[in-house]
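Sharing a structure here in structure tokens format.
Labels run A, B and C following the written order; every chain starts at residue 1.
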Amino acid sequence: MRLADIARLLDGKVEGDLALEIEDLQPLDEAGPRSLSFVSNQRYVGMLKTTRAGAVILGPGVASPGCAVVRVANPYMAFALALGLFDRPVDPPAGISPAAHVAPTAHLGEGARVAPGVVVGENVRIGARARLHPGVVIYPEATIGDDFLAHANAVVRERVRIGDRVTLGPGVVLGGDGFGFLPLPGGGIFKLPQIGTVEVGDDVEVGANTTVDRATIGTTRLATGVKLDNLVMVAHGCRIGEETMLAGQSGLAGSTIIGKRVQFGGQVGAAGHLEIGDDVRVAAKSGIDNDVAAGSVIGGYPEMDIRLWRRIAAAVQKLPELLRRVRRIERALGTEGEPGSGGDAG
Amino acid sequence: MRLADIARLLDGKVEGDLALEIEDLQPLDEAGPRSLSFVSNQRYVGMLKTTRAGAVILGPGVASPGCAVVRVANPYMAFALALGLFDRPVDPPAGISPAAHVAPTAHLGEGARVAPGVVVGENVRIGARARLHPGVVIYPEATIGDDFLAHANAVVRERVRIGDRVTLGPGVVLGGDGFGFLPLPGGGIFKLPQIGTVEVGDDVEVGANTTVDRATIGTTRLATGVKLDNLVMVAHGCRIGEETMLAGQSGLAGSTIIGKRVQFGGQVGAAGHLEIGDDVRVAAKSGIDNDVAAGSVIGGYPEMDIRLWRRIAAAVQKLPELLRRVRRIERALGTEGEPGSGGDAG
Amino acid sequence: MRLADIARLLDGKVEGDLALEIEDLQPLDEAGPRSLSFVSNQRYVGMLKTTRAGAVILGPGVASPGCAVVRVANPYMAFALALGLFDRPVDPPAGISPAAHVAPTAHLGEGARVAPGVVVGENVRIGARARLHPGVVIYPEATIGDDFLAHANAVVRERVRIGDRVTLGPGVVLGGDGFGFLPLPGGGIFKLPQIGTVEVGDDVEVGANTTVDRATIGTTRLATGVKLDNLVMVAHGCRIGEETMLAGQSGLAGSTIIGKRVQFGGQVGAAGHLEIGDDVRVAAKSGIDNDVAAGSVIGGYPEMDIRLWRRIAAAVQKLPELLRRVRRIERALGTEGEPGSGGDAG
């Protein structure tokens, strides 16, 4: 693809060889003379000096590194668009493989691509242009919209409802039983049947091996535009608002409600029965134990305002020294040895 | 189902229309005029005022919200029983699918339901009434009891032994290799063959995508009644006692022994080679680094008594202020500037 | 196997019955009269008194417990070698199962063992002696070296490149889409196509249900000898150096670079775009937020030197008491009640 054509599609201007033939899009340190590249993070600006890239996407005011430049107003958006130019998605072959197992009462819309080893249960309804990779299992009575993409070995349990343009990564499980057990006074544990379901809106994407449990009663909900990273756990009865994004290995306990446009860093946990407002942002590894007001930016465990959390993280490192200082003061005041004041190894 | 019939099965009394036809069991905010509902958590009592439910399960002394009431002594137990009345489990079709692959030397007891794409290896023995959903893989020589339920794509590795009435969620892995590697002095890493196995008692349930590793030698054990939530990791050689429940994303390092009736919150981690006594309860996100006495209630990392941990969590928030206060005292005493006393940004 | 033969293979000397017939290798508390056993951890030395083992591997200077002894210079290495003597790995039957689905353009080297339900896509190339267990899915254009072992339901996405002697546990996902989403100013979220790939060196082992995402552009790399435990998450664009080992449920955010021979404990998290040097060791549950110098031993969140972290962990437990002591000092000095000094519940 000629650099001039790429620039036109990215709404940018070429500085350099308009006719340069671009073959791929690569990071600065893997790029070659026929690669287009990009400064993905300020940390990597220095790599502009050493890159072998044939051309680079740059914003206004950044000096050319010597190679051709595609000059754009918004480099990150231009990069996002450029990705689409070089994307080579791999779909299952057209049609329904004779080695797939689609129940006679199941309905798939036009344009379905169903790989070998897929199992689609009784009374399932799936919209147009479904792409089901090998080993995908759709339990009976699930209903799924158009443009569904399910990667290998993803599982959708019975009666789960899914909107349009939803993507499931490999190994995703939607609608597994919630963790509901009642230890009995006389010993033994009663399993609460999990008779609810999961409902997923449009434009949702779920990462590899993530699990979303069905509700005990009612519905676990992922609203339109929700994005879950890999190995995330959503427990029974949670509701996640529009365009909320949870990073890898985060987990929600049961019945917690999360607003719109919330963002969790990785390995965050939230207790059950909480309400977390819209536009909340949560630092990685935080533990949320209380309701959170809309717009809050939080960190720590239990969670607190991110600025307080950062000051505490700094202060904690001074704690051994602080113990020594207080002991010195006590010594100066002659209060050392009072009950409760001693014993610290400092 | 008539409300009067439900009440009789729940050992309760109807206040209101005995003949009300109930169609489902729903949470207060999703219930309709033909729904039975329930106050699952004290937080939701206020919803009684606005629910459209036709009937509600209530304990003694709670005022009726206007709709019919099923009055019971123990509302949570009544709710648990009611779930069973509306449960519609989905099993694979009766018999062994011609698209399943059962080794000729494998034995399945009467009443098996084996879905397409299931693979059962040589010399596997499974008891009566097994339900194997699509994509389940049982490696050779595994032995499994009666009433086994394995959801889609669950995997049981070779020689694992499983009791009666065990349920595996989708994507569960029992008996994967333990993480045993020996870095060699001269470079390279020696893999320790993991020649042990996993043994699972009766009435065990394992959540979606959870992994339980086989022992290096000997046996990783889940005793009768153990319940593991989703995405839990149990490393090689661990032993988990009867009726212990580990919530989502918790993990155990190798050879740790956990007693009976222990409960972990989510995202807890325990180091290896520990002993954790019976009836221990662990707050979410805790990190256990030492043996824990029976009956302890703990939190934090390293773990400590839960009451101390709660006081510390509160005290930590005062740490930046405490630094200022100590500096002020030092100033008042004229000790400011002594070695080690300065430098905090407070 | 005769004890004398075992001792010769382990480069040890028998003290006791040379002709003792050994049937298995067991932990001290599961061993019987025909078992060889081993003290796997100093905690278990006391079990030597009560073990029923027929023979025990011991280092120099450890007194015999009464049974036969295989005396060796390095007991752990001898144990590692002994494991291989009793290993009974289970491979898929020889050849390509007629119930596997191998694309006509795919190439598998000699000696392949491909189980039922395996799917191998177009233009895949796999070296000699591959062992693919049931439900393994290899997307098109992946290239894989010799002696590849993939356990049940493992998934390798398109164009991923894998070296020789690589083992994937059950449910592993290599090459899933990275978590790349761009919220748009006017609402909606743009998915960045993840057009990069994953490259895995030789002698890599990946544990059950672990996920390694493909890069947005360029390559996510696991170098030769990398070992990942179960449920680990490696995000897009990370690079992990030779012989680095990450324990269970650890996670890396995007583009982080880890050196050689690094070791993470369980449930560690690292932020994105970091550089972590060679030979770094990280305590379990740590959160890494900054670059880490080679050779560092760290713990905590944010990470710090492990010795400081241990002192802080001890000091934190004294924090409630410290608050009381400072209040007492303030009272003695008559500064109590000054702005900012009060209000702590102690």
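In this section, a contact is a pair of C-beta atoms (placed from the backbone, for glycine too) under 8 Å apart; a residue touches a chain by one contact, two chains touch by 3 or more.
Being a predicted model, the structure only gives us computed values, none of them experimental.
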(Q) For the two copies chain A and chain B, what rotation in degrees overlays their C-alpha atoms? Round to the nearest 5. (A) 120
Q.
Quick check on chain A against chain C: do more than half of the interface residue numbers occur in both copies, making it same, or fewer, making it different?
A. different
Q: Give, as an integer number of Å, the spacing between the C-alpha centres of chain C and chain A.
A: 23
Q | For chain A, residues that touch 2 or more chains besides their own | A | 117, 135, 153, 171, 209, 231, 249, 267, 316, 319, 322, 326, 329, 333
Q. Where on chain B is chain A touching in the complex?
A. 25-27, 29-30, 38, 40-41, 43, 76-77, 80, 83-84, 86-90, 97, 99, 115-117, 133-135, 151-153, 167, 169-171, 203, 205, 207-209, 225, 227, 229-231, 243, 245, 247-249, 261, 265-267, 284-285, 313, 316-317, 319-320, 322-323, 326, 329-330, 333, 335, 338, 340-341, 344-345
Q) Can you name the residues of chain A that touch chain B in the complex? A) 101, 117, 119, 121, 135, 137, 139-141, 153, 155, 157-158, 171, 173, 176-177, 179, 181-183, 187-195, 209, 211, 213, 215-219, 231, 233, 235, 237, 249, 251, 253, 255, 267, 269, 271, 273, 287, 301-302, 304, 308, 311-312, 314-316, 318-319, 321-322, 324-326, 328-329, 332-333
